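The following block contains the structure, expressed as structure tokens.
Letters A, B and C mark the chains in the order given here, with residues in each chain numbered from 1 onward.
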């Protein structure tokens, strides 16, 4: 399973290295989203600084959608999914591999966006350990849930429009938990940030387990 | 004297048993379809196919567009679910779980199942390693298909249709599966590589592989095919080949029952 | 194909008639009790009568989503795998979504009159809205068509994904509100003003909405079963038609094959089909 996961993740990342879709298209898109938030909130530094964590995670969600679309767009082109099925790779391995590749790209995007909100919104990053843990858990959860729903929609003709409808409501707890944890990290929220981490961890665990168990069924039937 | 006779008789008896046994092993078909129905959505692309393919055979599927040739190949590859009837490929019952057969079968389809952004060599390496093969098989396969010089490091998107086809074929050569399923293998290839294609197929059967191909190029395909099966309307009709196959010359098989809920 | 048997109130049977009749009577009684007999509230006035719609409807929405998850689980479980469970899951999700919309609309109206706003970020409201969004996605996924078995598996996994997140959502929204909201809002279940006719009427509303839910579910299941039956009977036609294509295209190569004639489907000579829905089970 792990060998297959590394193989698939390596393939996806190599495709990314060659095509540079994430770095050349999705990352600029993320920055544009941040600029739009700036326009929408009319340069009010107070609102922007306080809303920065929430806006950050909304931007991450939007980018994650693109990354997942791209990840399964690859497999939809030229019968590549059939190739994947014919190869006899372990389905759980394929799931972990694709989720890993998406997570790696999300990590890069998060770094870009974090730089963006610090520069543009004057946001503070706060407690580094709490922040790091939040990012790791939220990224794993997003990548796992995104991969599960990505393959669910992958075989359908309406996948571009269906995926956001399926995915966004489901990842709402990630948005909530990650935002609250970050607010706690910069001291804008009174509650304990670590409490929200358990929520993020539970979400990630549920979706990694579901993906490992159910990906084979979805890959076959999509 | 008596002992000698019995010894001869005994060895003859053993020989008979043994050859009978070997015969039995050899006679297990690679593909055995009986009234196989496959559905695309709710349309029966295969409407009760009967087909037997024996080891080391080269079988040509022939028929009009939309007759069901590609569907037969995809069903045998374990990609298209057989909803009713019998389907056994390489001893794997496809109606139960087709997944175990996939690694042992190679399908050269209309789509090449390759990644546009990766180079030829990267594509081949991934395909071979994903199928559990050794990456050392990549270089000889590239060489065999004449993918040399700048080609291995060229991204697939920059290749012509014929070159893509050769890369897909290289994957097949590198994987060297037990059953080769070729869908229009000659399409898009130049004369030189069509000859190479035929040579590869003959090579494969010489090594004990089995080949089923679908082609519209009658002259070329007839030259290598050992047997021809005519496909029409989602069933295999009148085998017209020299060997003569098990076929539905006996009339249309009854429409098989679909397992409860398959069509529902 | 005998469509006549399928016509005329096709999803009615004794069960739906009985449940439907009871629902109708119950709704009448509920209307009288709720609008006339039960007294207006001292604090909330007439709007308190929404208590005979809102909680029962919310409960039925949750029941619908729960049944959807159960049906999906039963479908995925190899021993109980049957498209019936898939249909059950789909029908309950659909009815659940209908009740969920009713809940949100009635709750919103109530909120407008008792809190002065259409919406507030209460834990329960947020959770309900999220559930609605999630199950709307599920229904959209169900409508994508394709191979029925494939669709069933895909949807079953999706339903489980949706439902497993319910506890996480619940915790999240609860914490979120407790962290942010200083004053606790009015909660229906904690209202101390329930007694007498109000209590009776409210209990009745649960029973009536339960009946309504059952009635809708039965009809929805009936419709799905009928759709499947049309497909099932269409299968014989489709195979015959597919085979006929070959004869039309290549008459020279094939020997004269006895083709299934047009009288095949539905007639006594029809090939044996193990029907997925035996007659009479369409409910």
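Simple rule for what comes next: contacts are C-beta pairs under 8 Å (C-beta built on N, C-alpha and C of every residue); 3 or more make two chains touch, one makes a residue touch a chain.
Treat the numbers as computed from the prediction; the structure is a model and nothing was measured.
Trainee: What are the chains that chain A and chain B both touch?
Mentor: For chain A paired with chain B, the chains in contact with each are C, in label order.
Trainee: Have a look at A-C versus B-C and report the one with more C-beta pairs in contact.
Mentor: Of B-C and A-C, it is B-C that has more C-beta pairs in contact.
Trainee: Compared with chain B, which chain's mean CA position is the farthest off?
Mentor: Looking at centroid distances, C is the chain farthest away.
Trainee: Nearest whole angstrom, what separates the Cα centre of chain A from the Cα centre of chain B?
Mentor: The computed centroid separation for chain A versus chain B comes out at 41 Å.
Trainee: Please tell me the distance, in whole Å, between the geometric centres of chain B and chain C computed from their C-alpha atoms.
Mentor: Here chain B and chain C have centroids separated by 46 Å.
Trainee: Taking the mean of the C-alpha atoms as each chain's centre, how many Å separate chain A from chain C?
Mentor: Chain centres of chain A and chain C, defined by C-alpha means, are spaced 32 Å apart.
Trainee: Tell me, which residues of chain C touch at least two other chains?
Mentor: Each of 146-147, 149 in chain C touches at least two other chains.
Trainee: Would you give the residues of chain B that are in contact with at least 2 other chains, written as numbers and ranges?
Mentor: Counting only residues that touch two or more other chains, chain B contributes none.
Trainee: If you look at chain A, which of its residues touch at least two other chains?
Mentor: Residues 220 of chain A each touch two or more of the other chains.
Trainee: Residues of chain A touching chain B in their complex?
Mentor: Counting only chain A, the residues touching chain B are 4, 7-8, 11, 14-15, 18-19, 74, 77-80, 82-89, 220.
Trainee: So in the complex, which bits of chain C are touching chain A?
Mentor: So the residues of chain C in touch with chain A come to 76, 130, 133-134, 136-138, 140-141, 144, 146-147, 149-151, 153-154, 157-158, 160-162, 164-165, 168-169, 171-173, 175-176, 179.
Trainee: For chain C, which residues are in contact with chain B within the complex?
Mentor: On the chain C side, the touching residues are 82-84, 145-149, 228-229, 231-232, 234-236, 238-240, 242-250, 253-255, 257-260, 271-277.
Trainee: Report the residues of chain B in contact with chain C in the complex, numbered from low to high.
Mentor: Contact set of chain B toward chain C: 37, 39-45, 47-48, 63-64, 66-67, 81, 230-235, 237-238, 240, 248-249, 251-252, 254-264.
Trainee: Give the list of chain B residues in touch with chain A in this complex.
Mentor: For chain B paired with chain A, touching residues are 77-79, 99, 102-103, 105-107, 109-119, 122, 126-127, 129-132, 155.
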